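Attaching a single structure in structure tokens format; questions to follow.
Each chain gets a letter, A, B, C and D, in the order it is written, and its residues are counted from 1.
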Amino acid sequence: MAGNTIGILYRLTTFGESHGKAVGGIIDGCPAGIDLDFEFIQRELDRRKPGQSAITTQRKEQDKVEFLSGIFEGKTTGAPIGFVIWNSDHRSKDYDNLRKVYRPSHADYTYYQKYGIREHSGGGRSSARITIPRVVAGAVAKLIINKLGIEIAAFTSQVGHIKLEQDYTQLDLSNTESNAIRCPDNETANRMISLVESIKKQDDTVGGIITGVIKNAPIGLGEPEFDKFHAELGKNMLNINAVKGFQIGSGFDAALLKGSSHNDLFIVDNEKVKTKTNFSGGVQGGITNGMDIVFKVAFKPVATILKPQKTIDTELNELEINPKGRHDPCVLPRAVPIVESMAAMTVLDFYLRNLAIKL
Amino acid sequence: MAGNTIGILYRLTTFGESHGKAVGGIIDGCPAGIDLDFEFIQRELDRRKPGQSAITTQRKEQDKVEFLSGIFEGKTTGAPIGFVIWNSDHRSKDYDNLRKVYRPSHADYTYYQKYGIREHSGGGRSSARITIPRVVAGAVAKLIINKLGIEIAAFTSQVGHIKLEQDYTQLDLSNTESNAIRCPDNETANRMISLVESIKKQDDTVGGIITGVIKNAPIGLGEPEFDKFHAELGKNMLNINAVKGFQIGSGFDAALLKGSSHNDLFIVDNEKVKTKTNFSGGVQGGITNGMDIVFKVAFKPVATILKPQKTIDTELNELEINPKGRHDPCVLPRAVPIVESMAAMTVLDFYLRNLAIKL
Amino acid sequence: MAGNTIGILYRLTTFGESHGKAVGGIIDGCPAGIDLDFEFIQRELDRRKPGQSAITTQRKEQDKVEFLSGIFEGKTTGAPIGFVIWNSDHRSKDYDNLRKVYRPSHADYTYYQKYGIREHSGGGRSSARITIPRVVAGAVAKLIINKLGIEIAAFTSQVGHIKLEQDYTQLDLSNTESNAIRCPDNETANRMISLVESIKKQDDTVGGIITGVIKNAPIGLGEPEFDKFHAELGKNMLNINAVKGFQIGSGFDAALLKGSSHNDLFIVDNEKVKTKTNFSGGVQGGITNGMDIVFKVAFKPVATILKPQKTIDTELNELEINPKGRHDPCVLPRAVPIVESMAAMTVLDFYLRNLAIKL
Amino acid sequence: MAGNTIGILYRLTTFGESHGKAVGGIIDGCPAGIDLDFEFIQRELDRRKPGQSAITTQRKEQDKVEFLSGIFEGKTTGAPIGFVIWNSDHRSKDYDNLRKVYRPSHADYTYYQKYGIREHSGGGRSSARITIPRVVAGAVAKLIINKLGIEIAAFTSQVGHIKLEQDYTQLDLSNTESNAIRCPDNETANRMISLVESIKKQDDTVGGIITGVIKNAPIGLGEPEFDKFHAELGKNMLNINAVKGFQIGSGFDAALLKGSSHNDLFIVDNEKVKTKTNFSGGVQGGITNGMDIVFKVAFKPVATILKPQKTIDTELNELEINPKGRHDPCVLPRAVPIVESMAAMTVLDFYLRNLAIKL
């Protein structure tokens, strides 16, 4: 229970550090007989990988996944799927001077205090690089739920003060991949990209918000007491590096509303039950209701900035750090596929759990 | 894995419906030899119970907890602690007309779709009444962590558009219990109470925000990959009825900030490591860093309003409902002890998990 | 993870001590919409209860189960099923003199050492009385799997040196309930009963073996690496008080055999695959193969004997104990329904888990 | 919950098939700061590897473990330890003719029925080769518990009808490694080896029994209701390929005994509490009592024999198989380190769980 496993029936356990030999994982509980589209899985990894655009870190990694087990003639066998992604461009030397330093708002201090020992290079286990296995398992989950008709789309909806103003229903979400910031509205995307470029020139970083939408999820996903659909989804989002907040449907704006405005009235549309509004965000009483599941995830600015900062070391001496190197000025575009992956695993896991509810 | 259990080492499993015989639970993994202060536990239940003030529902329940096992001469024995709270004022007849109705923004529809059967009286398992066992287990957890020096305080920081403007560090949080809305600033509390009274007169309901603060938590709580401290805390908060959002530290405002402003610089104060600011909210890399853990929880307005609303029934007929009865115009004051309880269980569970990290 | 929960999808968590107010439990994950036959459940409890025959303890307990939740109009709702069985005939005073005594081969010493505190009356949590909730949850599981056509039968196959010589296939297992020792062959049963009576007169106790047979289990139950069907079944049997051994199919006799004799050859019988022999005991590679699942469970003699015995107390003084009271000279007949209950829960849990293997 | 994970706090998740690229696993929850003795770990693997003696299979595998993460400068970091063992001598072609065949008493039939698809080469996931990762994780666990003074020794105590007659207390268990069958008495070992050689010449296989002894385990390990020490130990043993039975202490012989003979009387020896006899096998009420933990594990004869056998294929045609190749005539000697590994993981996991019992 050291926290490196996600899921109940569709489970991912991961390993790896930023500058170790490899990152990887084991997918356990993947249903048998699933055709794996390896190109799709690799494409998903490519959406996360460094160096994909001018506004992402230039660390050079192929991020090619090598599957080691659980697959026979292209299909899953029901056995655990072991996989590795080898680290290639790990310049541990870049980090020698950081061996004893607690970088501000990084996990250096807390890891050292918790474990009494720390792999310092590149953040070790706390690096965003450890999210790679999630994208692998998320891509496999997507393949399965897509076949069930469920679709997941995430996109950047805010960078710094620049917000996407349109509602997602007014936008073509397939447009998200057409720009470097992964915002479905090109005009807003351009403003966001300009902001990131300007922040980058300042050797600084910036935060933002990613919106996620899950369409066509079956009614009934989620366990109503301690594993509510949105609670598990929220946990999985909050487990993404740099995330500081999660909300579903009306979210924090719900505080402002009256019940008479916030209640989603049921209507019958073409013999299907829907709600007139969707302040619930597709979840009522912790269970999906068939409406779009809509949620937002808040990201803080990346902690590594290329400006000098005061800090301390393990012996509590004060010092100044001035990192060089290859870093993301804004984590949002690379986090979009991670958000989608976590959502896909969440949906699939609840889907499988739901099979045992009624006989 | 039907979701009625919370925690890994300190575990609570609950049962019960709003209008059944009883609600209750089993606490498993409570350390042995703990002195139980039964008056404290009951006081915590009293903070949650209906009818405690003019702005809460007038349902009459004593909410007395009866312990059935796991305690010997006032101390925990390490055996599971079974307990029940008998329902007394359950007027199931009040709900006969709702047997086939899907009330807007309630869990009626989703439960019925998920299970094919539904205990409709008072919301059945989806009632806020099921949070009682959480307060029992939370109170026991509080007794343990208080002894370790850890303190938990939650308070109402927003109702509708009325916000508590002061930072929690400027306030005496022990003042929270001095008013009906549980806001530590009496002047703001009065304005919030007036708002709730006015909303109540309109037969309507209103949402709000509760802020939680955990002081003196040890450094090192939280498992860094999929069980980050704030992720588990967030999940547990999102599992409270009516919650739509959770954030820690800077939360959604993090989106607006640059890294150079958001980074919490380390300082040494009296030989202890602290940070100058606390945008991290006491958690870095998913692990507590010794600073105050600060989080916010957003509540939607209660779905039961006493105005007529259009809706449908299980046969998809349209109809109008116009509930009578005893309902909360604003769930916030009674949710404060629930937020604290969930936080206390979260902290204790991570504390126990942490004992196995280093030998 | 204090070990008071069994099962993954069909879960039972229990509480209670021998001389506390009640024993009870929560069944979580019971599929929704199941008709509960309350008379059947009570009959199963009656098979376990004390005082049912001349060769069982004369403690007087009604052992009536009271359900508190999770049931609506006679059907399960998918919500957790809370239940209690009130203790009535608890003569704690009988145990005052044992407060500081470590009785031989009881759990007094180990509990005290583990927890530093001990509810001593009647063995507290280590009493066989804590198996009552298992029979409740086992009876519910039986109702479900019986509908699926699966049948479970256990019977006493050995008491002391008296063995049932016939193979179970030659016997009418429904005859098991016709005698006090629960052996399906009346002649052997009589000899076993005589032995128990004679042992009882000696103020002594005796061990034995229970055989279990599961018929018509679907092919495919069991998870092949660390949750093999027979491994989980074995664990659940070894968790019954007084059990010292478990085997499936050929069991310990397998040691004596060659592969050429032990291999179960496949045959096709009426278009169904069977095996000529069943040394495998219905499980191959950890997965059920459709043949009868056959296993044996070894019970030690009850530790409480009515003869004087030397022992020590918590201060390590030597002393002699000479228990009076109401005890079982042989636990076997009352253990038969417990063995069946544990088997029923095991089968149902694997059945539910199997629903997610192929989509 | 597809069963590829063992343990609660010290957890191993494994992957891999007999003839895939690799087998491997992830150890999660290994305490931080442990010095890893890599030579020791490899020596443990060498005790399990094929080709180590004339009476084991001649498949040629180096079985070198490659660690990928979780280790920094020779010490564990608290991060998950990923590792792989590459398969080298996999002659999948040897198995082409078995693609559609159900070999008797193998897992071919049950896997195919359960999953609808099967990696047939070398038994795929059901191969004994999948036990390699257990030896890695078991060796790491041994390193930790050895430091705590706990020692684990297993040895072959029966092969076919040849039994080791002496009690383990009369033998030097360090002698176990001095012969190919791993029996601590050389004279018995020679007779066992002769038997295996003769069986091998007959193209047949033979079963046997391994005895395990755990010395100096702390008092208090084991959770008394559903996770009794010997129940979890038994489960873990029953999860070893080819195991058909498990017993602790008196085991199946307990059936023959009276309480007055079987009860282990407490004595005080040098201010330490001991028992005069040890029929309990070191566990009372599911909790270790400080005496030696003694258990037996029954193995069936290996299913692959080199004689012709009748069987059927996936289309239910009858056919005859006559396997060639490299197989173990008796699995016992190579299973000894596996038994020890499973025991080591069990002990360590309960040790870690026990840290949270009292504060």
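Assume contacts are C-beta pairs under 8 Å (C-beta built on N, C-alpha and C of every residue); 3 or more make two chains touch, one makes a residue touch a chain.
Please read these numbers as outputs of a predicted model, since none were measured by experiment.
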item: Far-end chain from chain D, centres as C-alpha averages; value: B
item: Between A-B and B-C, the pair with more C-beta contacts; value: A-B
item: Whole-Å gap separating chain B and chain D, where each centre is the average of the chain's CA atoms; value: 46
item: Whole-Å gap separating chain A and chain B, where each centre is the average of the chain's CA atoms; value: 26
item: Centroid distance [mean C-alpha coordinates] between chain C and chain B, Å; value: 39
item: In chain A, residues with contacts to at least two other chains; value: 1-2, 4-5, 8-9, 14, 29, 32-33, 78, 80, 114-116, 125, 225, 353, 357-358
item: In the complex, chain B residues that touch chain D; value: 1, 9, 29, 31-34, 78, 80, 144, 148, 225, 352-353, 355-359
item: Residue ranges of chain A touching chain B (in the complex, touch as defined); value: 1-6, 8-9, 14, 102, 104-107, 109-111, 113-116, 125-126, 130, 158-161, 199, 202, 204-209, 219-220, 222-228, 230-232, 234-236, 238-239, 244-252, 254-260, 262-268, 271, 273, 275, 279-281, 283-290, 296, 298-305, 307, 309-312, 316, 318, 353-354, 357-358
item: Residues on chain B engaged by chain C in the complex (per definition of touch); value: 1-2, 4-5, 8-9, 11, 13-17, 20-26, 28-29, 32-33, 66, 68-70, 72, 75-82, 84, 114-119, 124-125
